[in-house]
Each structure stands twice: as C-alpha cells, then as structure tokens.
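In what follows, chain A forms one complex with chain B and a second complex with chain C.
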Partner chain A sequence: MDIKELMEKLENEFEDVEKGTIQPETNFKALGEWNSMLALIIIALIDIEYDVKITGDDLRAIETVNDLYQTVTERMEK
Partner chain B sequence: MSCKIKHISYHLSSNVLTNEDLAKDFPEYSAQEIYKKTGIKQRFVTTRNIIGSDLAVAAAEQLFRESSFKKENVEFILFCTETPDYIAPATACLLQSRLRLKTNIGALDLPSGCSGFTNALGVGKALIESGQCDNVLLLFGDTPSLTCHPKDFELRSLFSDAGAAAWLDKSEQEAIGNVVYGADGSGAKNLFVDRSCFRNPVDEAWLKTHKEAGGMPFGQLEMNGLNILTFALKEVPKLVNAILEKNNLAFEQIDLFFFHQASRTILRSIQKKLRIPDEKMAYYIENNGNTISVSIPLALKEALKESRIKEGAKVLIAGFGIGFSWSGTVITY
Partner chain C sequence: MAFFSIQHIDIKGIAAAVPKKKESNWDYDQLTTAEKKLLIKYTGVESRRIATEGITTSDLCFHAAEKLIKSLNWNKEDIDILIFLSQSSDYYLPATSVILQHRLGLPKNCMAFDINLGCSGYVYGLSVISSIMSASSLKKGLLLMGDVSSVSCSKEDKSTYPLFGDAGTATALDLDNSAGKMTFQLNSAGSHHKSIIIPDGGLRNLVSKDSFTVKQVSDGIKRADINLALNGLDVFDFCITEVPKSIKAFFELNGTQEKDYDHFLMHQANKLMNETIRKKLKFKPEKVPYSIQQFGNTSSASIPLTIVTQMKEQVENNFVNLLLAGFGVGFSWGIGSLSLKNIACPELIEI
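Moving on, here comes the complex of A and B:
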C-alpha cells in the first residue's frame, strides 16, 4: 500500500470532503464531518482493505493520515 | 426426521419513532443527518406497560390468524428474550397460559439477544430431531427501548421493540442445516445492561442519579460500538465459513445472506469483507431499526413477501452480538 491510496480511500468515506483535500498531515478527526459513525467506518475500511485490526483506542491516539498509515503498515509487516 | 420453518409472523411496537421525532430530542442533528448517519428511517418503541412477552403474544396471535396452525397442536414453546417478565417463573410458562395452549407441552425461556433467532432455531431443531416433540413454537420479544437512556442518541436511533413467532414443524425435507455456535464472554461489557439483575442491582443512589431519565429502574443499556464492529468483522466471516463447511456448501451456492440487522455500517462492512454481491445481501434495517432477535425472522418474512426467496433457495442466516454470542445455519426453501 502507499499513502496516496490510503488518502483516496479515506476521502471516499467522507461525503463532504473534496478530492485532494486530505493530505498526509491532515488531522482527519478534526474535519467537520467526523463522528463516531465515521470512526466505525474507518476501522471497517482498514480491516477490509488491509486486513489490519485497529481499535477505538488506536484511533483515539491517531491524529493525522500519516499516523494512520504508519500504524497500518507496521501491523501489515507483522 | 428433520424440521422446517412453516410460518413466520412478526409484530412491531405501535409507537413509531421517526428521524423528525429524534431530531426534536437531539437538536444537534437534523432528520436528514440522522438518516445519513444511521440509514434508518424509523424505529418502533413501546410504552412502559408493554414488554417483550406482550409483543411475542401479538406475533403469535397473528401467526394463528394468518396460518392454518392451531393452538391446540403446539407441543413446545421456546421464548427467546432479554427482557423477561420476571426473574422467575420462566416467561414461557406465563405464555402457555396467556396463549391458552395445552398444559402437556414444554415451555422454556432462552435468554438470548442478537443471536437469539439462530440459537432458538438450533434448539428447536434438536428437540424435533431427537423425537421429543413434533413441533416447536419459537417466540421472540424484546424491548430494548426500556433500557435506553433518553439522552443516548446512538442507542435510541438504532434499536426497535418487536416480537416474532415462528412455527417449526417436523418434515421429511432437511430444511434446516447444521448449526454453528460460538460464545466469548470476555466481550460481555461491550453491549451490556448495567444494573439489571443480581450481580449489580439498581440502588437508591442509582435511581437518584437517573431521576431525570425516569430512574432507569431496569438498568441501562450500554454499547461500545467500535468494539462491536471489530468483533463482528473478526467473527462473522469465520462464522460464515464454519457454516458453509459444516453444511458442505460453497460460498457461491448461497442464494441469500441474512445477517442479524445490527446496523447499516456493520452490515455493509460484513458485505464488503465477504464480497457478497448486492442482490444476495438482505438489508431490512431502514424501516425497522435493529429489532434484536426479531431481525432475522422479520427479514425472512419480508423477503418471502417480496418473492425474493425462491423454492429450493439456500439461505444463510447468521446472528451475532450481545454476549458475545454468535450462531447460524443454512435454510433450504
């Protein structure tokens, strides 16, 4: 996986975010649309697309797309 | 001797809770936003004096009205609920009397939630196939709304109060396949009615703290949605594979998948993860909400009405959730 692909996948899950808005340093949880339902959707997305489990606690500690990317790639390597 | 579900009826509580109603209680959301978030248009909620067994009775009476099955022929009732009338006696005994059934029948409660239908079907099948009886009236009824805190948006926007009845009868055809079960109590606290029984009962301080919410005398339903989703994504694909294996079936041989209608997000995630084509996936949550153990029989009934289930179809059913608990099988129509 690369971070570009992850950014695109994230953008698809946000309905009110325009393409190209999400960057590696974007704090996606600070976007207006963010809510508990989107948190669920992101956890499911990571599970389905990358076969990696992230928990609610993981997501709480993650801020930027880059953080998420690091967590996912680290767990994919294991 | 095998068995078959011969008829299903269900009953939804009569009070409709629309997104417009919810938006009045939660002004931070518009009705449209609530729909966007949950994928649910309406739910059904009871009033304080109508509880799970009442909804099961309504469903059973409907079953006797709309089918040829007779009360005098019932040989066993299994009542599946998580909101019984009393701790004792078993609500199934009270239901024998309320439904005016014979007294020489079996009557057992089966406390079970989201996996309730598949659990009860497995037990009913075992009763018939072991020759203990020729039929089982499976009854379901739950009122989650009575344990939802009025300010809990997540729960109130999701759950519905409903009842169902299913007539399980002996048959030559092996219509109900082998059943797979699972349980993991380490996940119990992720969906949990706090202060609901002997372990940790309601006390004066609790009633005082929850005064504005009517005291919450039956306890309070609490849910960790993130952990439920993680559990579902981990266990449900394994459950589906185990069901297929135990019934010597390939994934492609299943015509329709009926999962417990937990939430739109969970259903969509399971569908994506298992790569189930849209036409094979059952969604009946939009107009009904999450009706706990009623969700699968309700969905089966609706799909039958829509002629979505053809004769000979192989239908995989899978319940999962509170417990954690999960079970499922394949029904051949």
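Moving on, here comes the complex of A and C:
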C-alpha cells in the first residue's frame, strides 16, 4: 500500500470531493461538515480495504491523510 | 458457548404490519440538504413508517398474526405457545403476550410470555420458541415481534430520529418431523449496555420531572433522558468487528461456508455497517436483501419485514437456505441458519 492509493480510495468514497484535492496534508475535518458520519465511512473503508481496525478514538487523534496512512501501515505490519 | 441446533420445528409462515403514515428523510428539517444526502446514502434510510398516536407494537403484531393465522388456515385452539418479543410493550406490567393471547382468541391453555430484546431479537426469539416447542412437543407456536421506536426518539436528535421505523411481525411455527434443523449461536456483551439506551423510566433511574428535560447533547442532538440515546460510533466499531468474527466461528462450528446459503439476512441497522459486514464475509450483493431504504431500522422486526417485502415470491414458491444475523442493543447478537420452504407470506399489512 502507498499513500497515493489511500488518497484515491478516499476520493472515490467522498463523491463531493474533486479528484486531486486530497493530499497527504489534507485535514479530514475540512472534508465535510458531519464528522461522526465521516468517521464511520473511514473506519469502514480501512477495515474492508486493509483489514485494519481503527476506532473512533484513533480518528479523534488523527488530523491528516498522512496521519491516517501512518496508523494504517503501522497496524498492517503487526 | 451458546451454540446449538433444534430439530423438527418448521417455519410455516411470516407476516408483517407497518403503520400507514410514511415519513421521508428528505423532509427531515433538522438537517441541511448536504447532510440529508449523506445520511440517506450511508445509512440507507430514505423513508420510515411512523405509528400515529394510539398504535402500539402489539397492535401491529396483532394484525400480522390475524392475517397469518387466516392464510395458514390454522385453528386457534391448536396454538400452544405465544411469545411477544419487544422493547415497546403495552404496559410496564402485565406482559403484552398475555394481552395478545386474549385479543387473538387463543385458548387459555396457551403459554404466553414476553422477551425483552431488540435488534438481535429474531434470531434469539426463534431459538427460544423452537427450543421450547421441540423439547415439549408443542404443536403450534406464534412468535410476535417488533417495535414502535418512533415514540422514544427525540425529533431533534439527528443520530436517532431519522434512522428508526415502526413495524410488527408474526412468525408461525409448527412441530414437523420432516423439518430440517435450525442452528443458533447467541452472544452478549453487557459492558456496552450504555451505547444504546433509554436511561430513565426503569428502576435504575426512576422516571421523574427531570427525565423530560430536553438537553443539548451536541450539534444536532437535543434529547431528554426519557429518549433513546445512541452511540453510533461504538455500535459501528463493535458490530463490524464482532459480527463477522461470530459468523466465521459459526461457519466453522456448523461446517458451512458462505456459498451454502442462498441469502444472508441481516438486521437492518444501517447500510454502511451492513455493507461492511457483507464485504468482510464476501457475500455477493444479490444474496443480501435490504428493506432499510423504505422502512428504516425496525429493530427486531427487520429480518421478517425484509423477508415479507423483498423475498415474498421466493419463500412462497421455493426452498431457500438462510443465514441470519441480528445485532445491536445490549449489546446482544445472534447468528442462525434455517431453511424456508413454500411458507405462507401474506402481503405487507398497513394499519
């Protein structure tokens, strides 16, 4: 997995987001108004695509796409 | 571990009733248009049926049961057991099942009792009634279940109100030596009991004036302690992990795989959660029917309501092998497998 792939998957998931707008430093909280719903979408995506479990608490600590990428890769290695 | 099989009990018919009154989430005025789009896409709930004042869960179940008994041409005198499974009973006491025994005109020697469960209810309820019938050789049984959840949700709570719909169902079971086996695996995690809760009104927090005080919990969430509170993130986290895990364990214990089932019927919780579970178990979309779009989360009624509204012709005319999963409030969850063959499945009733 690389971060480009993760960014593409996130862009595909959020249909209102234009292609190319998600960057490693993009802050999730700027992607939409409804954080709780956004969190569920990201948890589901990561679980299905990478078989990695992230929680609501993880997401509260995560700010950017790069943070998410780091968390997911760390857990994939375990 | 609660894993067991029951022999010689056959499901003969399933019926469901919903209130006539329909509410669309496009008309839910607590959300912006963008939020409505997001809500409908990810929860899957576009419209719901709402009981008007005076309609109870037992009313919906009563109509479903009456129609089912007629379709099956059953003699009411032969019904030995009635179970009402719900978290919205008529009264604090007596048990609603006993009221239904009389209202349905069932004989006095019919045993009747209530079970207090929600989203896991269909699997749990089937396991209880089939166990009793099989162990005691009772001939005919009625399992009535559902909820009117709309009365307990605060209209100003976007995390609950647009999700839940009202429904009541009836399932008819018969002692039949030629019936295939039903298999169940049942679970509980009471450590999460606060994740879906109506805090006030029971003995732990007696109802008081304060129970009705509406508080702003967070943005878009205003409710009182007499209302349903839902920690969506906790439910989601738990269910997408534990439900697939339990189903995989069930496959192993039961010696079956995904391909042995014609359909996988899940409690209709929310589309994103159910789709995550489906994808993790690698079930094809065409094997997993949904009723959530038109009816919302209907608690314990959701599996039988999905059968009646999405699989009627199939279950009336064919033999289908089903995998069932109910999960939610408690947390309580159960996995079951059974087959349906040419059952009675009357048209959805609207009250």
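Observations, loosely collected:
FYI, the second predicted complex is superposed on the first by the 75 of 78 C-alpha atoms of A that agree within 3 Å, B and C clash if a C-alpha of one lies under 4 Å from a C-alpha of the other, contacts with A are read in each partner's own complex, and residues count from 1 in each chain.
Basically, contacts are C-beta pairs under 8 Å (C-beta built on N, C-alpha and C of every residue); 3 or more make two chains touch, one makes a residue touch a chain.
Predicted, not measured: the structure shown is a model, and the values here were computed from it.
Look at chain A after the overlay: chain B and chain C clash there. When the two structures are aligned on the shared chain, A:55 is found in touch with chain B and with chain C.
Contacts of A:41 after superposition on the shared chain: both chain B and chain C are touched. In the superposition on chain A, A:76 makes contact with neither chain B nor chain C. By the touch criterion stated above, A:1 is placed in contact with neither chain B nor chain C.
Residues common to the contacts of chain A with chain B and with chain C across the two structures: 36-37, 39-41, 43-44, 47-48, 53, 55-56. Chain A makes touch with chain C in their complex at residues 16, 32-34, 36-37, 39-41, 43-44, 47-48, 53, 55-56. Partner chain A is touched in their complex by these residues of chain B: 36-38, 154, 224-227, 229-230, 233-234, 265-266, 268-269, 272-273. Chain C makes touch with chain A in their complex at residues 32, 34-35, 38-39, 42, 159, 232-234, 236-237, 240-241, 272-273, 275-276, 279-280. Chain contact summary for the complex, chain A toward chain B: residues 15, 35-37, 39-41, 43-44, 47-48, 53, 55-56, 59.
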